[in-house]
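In what follows, subunit A forms one complex with subunit B and a second complex with subunit C.
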Partner chain A sequence: MNADLLFYLFAALTCGGALGVVITQNIVRMAFWLILSLGSVSALFFLLGADFIGAAQLLIYVGGTVVLLVFGVMLTASGPYLQIKTSAADGLLGACVGGLLLFVLISTVCGLEWSELPGHQNSIGAVAEGIEGSTLRPLGLAFLGLRPDRATPGDETSGKLATGYLLPFEIISVHLLVVLIGAAYLARAKRRTVSDDHGLS
Partner chain B sequence: MNGLFAAISFREFLDERGFSPLWALLIAALIHALILINLFAVLPLFYIWLERKVAGRIQDRLGPTRVGGKFGWLQTLADGIKLIQKEDLAPGASDKWMFRIAPYLAVVASFAAFMVLPFSDGWVAVTLDVGVFIILALMSLEVLGIIFAGYSSGSKWALFGAMREAAQMVSYEIPMALCALVPLVVAGTLNFGELGRMQSGLIHNWLIFHDPFTFIAFFTYFTVATASVKRAPFDLAEAESELVAGFHTEYSGLRWSFFFMAEYASMFAVSGIAVLLFLGGWHTGIDLESGFGDLRGWQPDFIVPGFTLGNYLANLFGAKVFILKACVLVFVQIWVRWTLPRLRIDQVMTTCLKYLVPISCVLFLGAILWPLLLASTLKRTTILEQSPPTGRALISERRTMPETRPVPAVAVRSPQEVAE
Partner chain C sequence: MEPVGLNAFLMVGAIMFVCGIVCMAIKRNAIGVLMGVELVLNGANLNFVAFARYTPFGLDGQIFALFVIVLAAAEAAVALAIALNFYNNHLTIDVDRGNELQG
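And now, the complex of A and B:
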């Protein structure tokens, strides 16, 4: 019941923040509402016992993306308080896309038979009260290919290391590093040769 | 909630007294929050006094001497009363709504870090397996309040300060996380409680003395942490000599003091992280704790049945050791501020991107390769014979404890068994 109350509180904050982003026209105030919305999403993750994802949400989206967004606005804005006016056509287009997404989500949620899903016994309340514990250790073990939750009694292979996600993860992270270095290389200050600047003078 | 470690005991206590579960949770959470808010407010009071005293002594002055007796103990309190009385101004050119809300953002982010910071064995508001990760995430949010403050002030000085702060914070987060990873690689856990527990015993069990890389990582971390809480020589966001007062130029009164509460509390928080990661947490390092073995179990059923007074006393001692260690580190930050000249902004960025990031990358690599090197030369993974219990050992110890939840039918086999 407590967890339900907290869930509704943070769900309301998430939706309210998202609405604030859409309604307000000042771009930095939008960033504030975005912080509220994304921070509440991370609180929802914590309520579900997904500590790691909650922390990652805070670090990457609230601490990283929003800071970069505000930083970009401050560097590029021409006036003191940049206003964004959306035209009616843009609003219509956005409403269409948003409505379609909402339709897909609602039809999926209504179409699922929730009681037949494997994880349903652990209701939100049970996880939140600490019976199931945090998902961090299972996540870490699954990364290395250990899936004790999938083990079936009597199966010889079930205790062995399966294919984990470690190698794909490493490959992606190296890719991202390459992209970062490439971006820094492209954006670096160009070394000017003498002939370009002062050759004619 | 998975966390609220100590709150659960409060909650159980209130439950037994006939409170409904919701009220028990709310009251317990409120008490915890109040204790932390008190700490959060009192620490800056003390540090601001300390800063004035130390600055005075370094500059061959006396510092505050009048308010509250010989040493000027109550100077900060008097300042606080003065600040509350001041008019709450917002400049005409400012975005008033953002201007008013920005100090709260900074304070909330800084205060949230205290939520997962343990002061002693089990004395923590929320126990999380990802404690170190989330505290770094929460500390990185403080910059948002500062950026908003600078942007909404409608003043070019404030905007310059905020932009510098944003650039500085975004860059310094990288070496900070990398330096924090070095002891974590040794420890094998992100849980602050386990980190503290494994550094018990004599001083060589502290992670700073584990290998040369953690030793250097401590000093690198401390430099980066000083920069990340925007203390001199990295306080470019406020740089009085160039930017009037930087991001808080337009602020006055209580809102202004909120920024300083956040700053001094963050100084304590980063120092506390350093103490937990490198300097033995709440342990003295001379193995006084082994003498507490009997004390910890002492349970005279005093006032509340189930409340172990011995544990409480041992934890109180631990908390004092922890706060003392963190205060020493804060003192060093103050000392550095009043003796080193401020860097230029390009020098700050150069220090981070060209020196601190490569250094921390090398330290991280070294910390990973160190056990391999030792294993290939000495045939063991630590220098000393008596190795401190690592995180993995602690985890397996915890696994062997009786568990309430059903054990999976097929137990996880160790890699050696799999190889066979």
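And now, the complex of A and C:
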């Protein structure tokens, strides 16, 4: 019961924050609504039993990405009397298209019968009682290439374990390095070249 | 009332996704568009972790969510560098003013 109340609270905060991001016209206020929304998503992750993902979400998104966005906002600030506003017609059109898309998504979700999947569980209260709630060790082992909880697909009797995620882990590490070098190069402070007129050299 | 199930989390994810898409479409500030991208990615992450919890998808959902978080951070860095360059060259962050395909 408590878990359900917490879910409704954080779901309301998440959706309210997301709507706040869309509706606000002030860019700094959008950043703070985004912080509220992403923090509530982290709480939803904890309710789903994903403790490491919840902590990583807080660290990386709220503590990193949103701070980066606020830096960007402050570095590209317009003059104090200039307001970039979306016109009302654009806003209405966007709202209509968004509403239609939301209707399609929700009707698809509700039209499917998830409980026919084998192994389906029906409430998040079961998380608090049953499993130990620690995902850090299984996640770490999976990134090292071991899946102790799963046999090789299609070959369940031989005792071989399924492959892990070592290769994507390495690819993502290199990808991060390359992206950060590229971004640092793109955003470097450029030396202004003063045009000098040489005399006869 | 019935206990919270998979559908509830998927609906929250859908609402975040749609808010992100609308934000990407109607905001004129380039950083506002980037905030929309963050909302979209978080809606998808919520879907992944919900499926990891409620279906036999299992730990794979959480691993994909971690990959999405890492890639979203990398993409936010590059997109902000581009936005800063755009601002330095045009002295405006309004995406509606970026309509010339030259230098």
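The rule is short, and it goes like this: the second predicted complex is superposed on the first by the 136 of 201 C-alpha atoms of A that agree within 3 Å, B and C clash if a C-alpha of one lies under 4 Å from a C-alpha of the other, contacts with A are read in each partner's own complex, and residues count from 1 in each chain.
Definition applied: a residue touches a chain if its C-beta (ideal position, glycine included) is under 8 Å from a C-beta of that chain, and two chains touch if they have at least 3 such contacts.
Nothing here was measured: the structure is a model prediction, and the numbers come from that model.
Asker: Now for A:106: first (subunit B), second (subunit C), both, or neither, which partner does it touch?
Answerer: Only subunit C; A:106 stays clear of subunit B.
Asker: Figure out whether A:175 sits in contact with subunit B (first) or subunit C (second), or with both, or with neither.
Answerer: Once the two structures are laid over each other on A, A:175 reaches subunit C alone.
Asker: Where does A:166 make contact in the superposed view: on subunit B (first), on subunit C (second), on both, or on neither?
Answerer: neither
Asker: As a test of reading the superposition: which chain, subunit B or subunit C, is in touch with more residues of subunit A?
Answerer: So, of the two partners, C touches more residues of subunit A.
Asker: Just subunit B (first), just subunit C (second), both, or neither: which does A:11 touch?
Answerer: After superposing on A, A:11 lies in contact with subunit C but is clear of subunit B.
Asker: Of the partners subunit B and subunit C, which touch A:35 in the superposed model: first, second, both, neither?
Answerer: A:35 contacts subunit B only, not subunit C.
Asker: Of the partners subunit B and subunit C, which touch A:186 in the superposed model: first, second, both, neither?
Answerer: second
Asker: Examine A:75 and indicate which partner it touches, taking first as subunit B and second as subunit C; both and neither are also allowed.
Answerer: A:75 sits against subunit B and subunit C alike.
Asker: After the superposition on A, what does A:55 contact: first (subunit B), second (subunit C), both or neither?
Answerer: first
Asker: Residues of subunit A that sit at the subunit B interface in one complex and at the subunit C interface in the other, please.
Answerer: In subunit A, residues 3, 49, 52, 56, 64, 66, 68, 71, 75, 149 are touched by subunit B and also by subunit C.
Asker: Spell out the residues on subunit B that touch subunit A in their complex, using ranges where they run on.
Answerer: Residues of subunit B touching subunit A: 1-2, 8, 21-22, 25, 93, 95, 97-98, 101, 105, 128-130, 133-134, 136-138, 140-141, 143-144, 147-148, 151-152, 154, 159, 162-163, 166-167, 169-170, 173, 190, 405, 408-413, 415, 417-418.
Asker: Spell out the residues on subunit A that touch subunit B in their complex, using ranges where they run on.
Answerer: Subunit A residues touching subunit B: 1-3, 5, 26, 28-29, 32, 35, 46-47, 49, 51-52, 54-56, 58-59, 62-64, 66-68, 70-71, 74-75, 80-81, 128-134, 136-137, 141, 146, 148-149, 151-153, 155, 158-161.
Asker: Taking the touch rule as given, give the residues of subunit A at its contact with subunit C in the complex, in rising order.
Answerer: 3-4, 7-8, 11, 14-15, 18-19, 21-22, 27, 30-31, 34, 37-38, 41, 44-45, 48-50, 52-53, 56-57, 60-61, 64-66, 68-69, 71-73, 75-76, 78, 84-86, 90-91, 93-95, 97-99, 101-102, 105-106, 109-110, 114, 117-125, 127, 135, 138-139, 142-143, 147, 149-150, 165, 168, 172, 175-176, 179-180, 182-184, 186-187, 190
Asker: List the residues on subunit C that touch subunit A in their complex, please.
Answerer: Spelled out, the residues of subunit C in touch with subunit A are 1, 3-12, 14-23, 25-32, 34-36, 38-39, 42, 45-46, 49-50, 52-56, 58-59, 62-63, 65-67, 69-78, 80-85, 87-88, 92-94.
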